[in-house]
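Some structures are shown below for you to check.
Each of the next two complexes has subunit A plus one other chain: subunit B in the first, subunit C in the second.
Moving on to the complex of A and B:
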């Protein structure tokens, strides 16, 4: 950035000059210290939280030796090896990304669908997803492709209306099927369809067809196996469809197409192997791990205000995920629409230009409005004007959606601005209309940037507390939400509510552990955003 | 959309369905843009409606000049204690964040290598991404006990028999469980990135010719940074300060959790007592009203009056920051 100014040393070597040199060095060190101040303070505070949540001093030395031997050493060796081989490193990153991502996706899908009742989700998906898709495909055959968009939107709307209106009639019919059939419809069919789309583009049509067939057959085999053993197959259907199939596809592609990086693809599986060795040895030797508070009880049970050993935050975790998900569904289309208007439709002159300027100024001001004020807006809008009951998912999601709207708009605008004009000109030159240009050229190019911005906005929303307190979302709930009209609570609210509990097992145990859970959720979302952005960057460089 | 090479003028026109569909999408997109305006209108209307009802029950004069805030117990709606709490925590956090943020911006823009910058800049941004409820918890449970362990030491410096001379002894009282100091520290930490990233943009947009000219006159790097680059970027730096202060004023969860719920007028002359004792901000009062069991009545409307005041303060600060940035920006050709 700056021009190098150190050449004056040779010009003045007297004592005064040397003193100046010391002065300058101290100044630079001070600036560096100031830069680090906030980061280091935060690290220390995180250290306190982690210490309280994990209680690392309660474990024996032998336990740490075991963990070093079975987990850290192999990981370190693998990392050192992979650092020298770019192909291995790339494949390794890809493999870890897909294994971690697919596992998280499978778990989230299962807990959300389980909370919302699989039959309801299947019903909505059947009428709002499958039937419109079939209908749209039929319209597509009739060669009037220009009506495809409106047809799709109208049929989804109509399907949802039918599902809503005929709920009392349809729900018992859907309810007669076994639960795993509902999960099969919710999870396996979309995955198979996605595989068909991806596979047709990447491989041959025939391979894609075989892959889809293999997916369906393997899921059905799993169901037969589970029923034979007397286990409920629902969870395993989700795990296989969402968790294992993307992994199999990506790892398979690496193994077949990338001989140099093949070794890297083994990384996550070696780690899983190490983990199982560790668990086996730990149990065999009877070693005591740390007696921390981040336990399966915390993750899977509901809150208990008096007994720390049975307190959990499962309803809060599910509530956070559901509210943030509904919020994303509400805010993403509106935010993208507003950004499209500002970047692609708005005129720069006349009264319309003035409207566009007003919109820009308004959005930058909305971004600076304190989040409590959005809570008041939500209270007035959803409770007083629309008459919703207090604390339901829809009003919480709507309030947070208004809060993140400016962030989504601004990031989508940046993504649209980064699409080169030459692409637009080429499309228009070939006779595409404005919307056709947007749909076929601009939006696909800008989509990863928009997604990155939206995921970051979701990450901001998942930690947001003040507006939810204002709209009177319940701080403690003992069951996860079972629909968008049922009441729910979120993780940060539980942390806020538990602040006055002075029992050390809560104050220096359960609450820090809940904070760790919240931070891990945030970290996952930010990692997703970074992965999406990096893929996008790599593609645009090519 | 004709594929015929020799199509006449008629068939080059788009057919009606396409035109109509285009118009439909255009309207849908314009509608979603309009929705962002409606959000602002909604905020103003929602706040104004309830606030006016409140001010018909409690006169605006007694609201803005009252010195006691005790809505639930006494029905006293005096704003000044809350303004004082907000100001003290804002000043406290500004003392931490403004120098630190500016120094960080200067380091990142003038001194750091590209590699260091690529590590430190995202790390600084993390400070703003941590949920404020976690900051509040850290202030309450970790920072306050830390200072409680230090501060009683300095309190023993005052000999008990010398009451007539309090102004000459530095009294830093021991911290209460809820105190302004810890809240100021966490709010200060969380607004550092606001100062540093906007200031850094301003510093980096100073053209290299100015630096080169200063070096050519024999300046050292220190001189160039402090006497050329920072003055040239003053407007951007001031704007970043104002925005960060506005963020600190609107900050809610951390101050609610760490500062407690006892609104106070400021103490004079012992300013340290302001930091050591519990207080309440405007946002904290809103949270307290909202978490009370019954929502309704004058107290409920007072929340909207507070919200309107807060909205107007932060809005005017944001507008002021934008004006400063536009008005006093040095334009280099």
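Moving on to the complex of A and C:
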């Protein structure tokens, strides 16, 4: 720069200032470079994996032209149009969110329930959910002074005990029903109930009742239709209840209440239409897509150790989802409980204050303990002390649950700390007891943060390999787990095992393809976390 | 006024509010402190305070920063219990009952002694839910609509928000939020209202509205208000207590006496702005 040419004026303020300016620019560029470094290297890595998984060079130019013409151009045009109008954009985002979320929720529900046996799930739900709810409401109706909380807890416990004790007797009885009835009980009734609760608050009581009726009638009609066509209605019951009904409610609300953004709601359906056109034209013209490894076979079939083209990771996907779910059920209440104690109940002074501080410091430190060490802990606890069989879902979920527990506690503490103390004072000053303050003010404010933290912690655990190797979870499985006491494996372990297969098609095809599946699962969980946080944030600011 | 009619329908104490002239007659003190001291660890916040706060009048507490006025206010509804390090000694009685007695439930006490804070702190809920909060946590289920409306009317907020009761309280302006907090506090019909510098975060117009409101509320409630603003104390209060540094109650008398003819030179110096 000009600094060199201005040597005769080096002592003037000007050139020194310029030198400092250069200095600052270089420093900023350095910082920007450091930021880029991580992103760029990750992009190269992901590109490399995706390249191996999809084999994009094997597809013809015409296939790419078709995909550009039918999918990318309409989507890009739609996005550009939506970006110009905030109302359309918001409705568009909402519509895509609900369609994507409902589809994922429906698929996950079906996969998990199908693996665990719908009859078992229905039995647990019947005795642990529906009957206790009915019982509690009946008790409450006959005696108004009954405390709802303890009654509900006791009746749920009692119901589950009955289901457990009478399992051998009850299971065959439940098993005589058609499978779709079990699915109806598992998904349709809760969705209808949820709709009733939401509808009562958002619309009138009558509309809510009609909506519930419409849901039940439409599901039953679908069942009749499917039985008439000779198809098993189970999957369609789940897809309609969990997938289509929330979509219908949200899209319906946009169409009715938001005339300015109405057009945006069409976004996901246009995309689905484009996709169908693309698939139809592709088949009609006989165009060859890329001959990659990320195929429906990989997603839906069972593992095959010898032939890469027929190997699938369905059992591993189910295993990952089930283990993450059980882990969440185990870690969330314990973690939230610990955080509540430390933030809301623990004394800050005296010897009890010192104990609380000690606990807090230790929990923070546990977050950094290597996962292999947690594996050893899990081995000692579940295999040796409790005598669980090797490699079952419960011990894997328990071990990983211990691993993420400190993260859940710390993030829940953060969430609680972010609730302004003035709100607690307001509640306490109104004569709310400690529990009432928690339930009515602190928890509603902190819950989104707690959920976000927990989901992110679960997302971290979904990729854990080392602790599962230590507790001797099988690296290869040919069927999905059928209960929390059955053995299972997870995607990262299968990737780890496939990496040492002699066939290069496994090492360079199946491994990256399974890695992409794992990354997509991870991405879905992170998206959920972000959506939960944003959605609740917006609600509390309304 | 329609206020008073609806007051009668809901509140048992309504008949007393019909005779505002009776305020002037002396009554038994609502709150009485004897030798009340508060320490935070080794720090003394209140030093042996003796005071009798009369029923259904406005008592202002003034004094420089850190003189213990907020501490005293927070003793009355035992909000200091939330601070582990705070230690209270001496006697503080509400309607003749020592509130630091071990048999007194602070939760029940706070339901009779409402509080309004320095910064408006509505809950992030709807306006309606904010006002109904106290009723709901006390398990009151009858006539919630009427009580909410009445409280909003008495807090002079109903006309401004009657169309938007379901909107979030956080959308209100600062002055409206503070009146909402007052409505929330009076919805449960407490005996005493404690106000900790309720107008210090507000602009002059909002402050004037709050002051008018406090004057009206004193017909039914015992109001204890902490303020930094001496003109405010002079304008609205019946009696004034002056705390000076060290948590000491230096002088307590009728507001007129305090502002026109204080007994202590230190109080006169403080009021005329020589320090503080």
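The rule we apply is simple: the second predicted complex is superposed on the first by the 500 of 542 C-alpha atoms of A that agree within 3 Å, B and C clash if a C-alpha of one lies under 4 Å from a C-alpha of the other, contacts with A are read in each partner's own complex, and residues count from 1 in each chain.
Methods note: contacts are C-beta pairs under 8 Å (C-beta built on N, C-alpha and C of every residue); 3 or more make two chains touch, one makes a residue touch a chain.
This one's a predicted model, so the numbers in the text were calculated from it and none came from an experiment.
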Query = Does the superposition put A:431 against subunit B (first), subunit C (second), both, or neither?
reply = both
Task = For A:496, decide between first (touching subunit B), second (touching subunit C), both and neither.
result = first
Task = Identify the partner contact of A:365: answer first if only subunit B is touched, second if only subunit C is, both if each is, neither if none is.
result = first
Message = Touch test for A:508: subunit B only (first), subunit C only (second), both, or neither?
response = first
Query = What is the contact status of A:440 with respect to subunit B (first) and subunit C (second): first, second, both, or neither?
reply = second
Query = So, does A:423 touch the first partner subunit B, the second partner subunit C, both, or neither?
reply = second
Message = Under the stated touch criterion, name the partner, subunit B or subunit C, that contacts more residues in subunit A.
response = B
Query = So, A:347: does it touch subunit B (first), subunit C (second), both, or neither?
reply = second
Request  = Report for A:150: first if it touches subunit B alone, second if subunit C alone, otherwise both or neither.
outcome  = first
Key: Where subunit A meets both subunit C and subunit B, residue numbers   = 431, 433
Ask   = Where on subunit B does subunit A make contact in their complex?
value = 1, 14-15, 17-18, 21-22, 24-26, 28-33, 35-37, 39-40, 42-43, 45-47, 49-50, 99-100, 103-104, 106-112, 120, 123-124, 126-127, 129-134, 136-138, 140-143, 189, 192-193, 196, 204, 208, 211-212, 215, 218-222, 224-225, 229, 243, 246-247, 249-253, 257, 283, 286-287, 290-291, 295, 303-304, 307, 310-311, 314-315, 318-319, 322
Ask   = Tell me, which parts of subunit A touch subunit B in their complex?
value = 1-3, 5-6, 8, 11, 20, 23-24, 27-28, 30-32, 34-39, 41-42, 45, 48-49, 144, 146-147, 149-150, 333-338, 340-342, 345-346, 358-359, 362-366, 368-377, 379-381, 402, 405-406, 409, 431, 433-435, 459-460, 462-466, 469-472, 475, 492-493, 495-496, 499, 507-508, 511-512, 515, 518-519, 522, 526
Message = Per the contact definition, I'd like the list of subunit C residues that touch subunit A in the complex.
response = 77, 79, 82, 84-85, 107-112, 114-115, 117, 119, 121-124, 133-134, 136-138, 167-168, 170-171, 181, 184-185, 188
Key: Interfacial residue positions of subunit A with respect to subunit C in the complex   = 347-350, 353, 420, 422-433, 436, 440-441, 444-445, 540-542
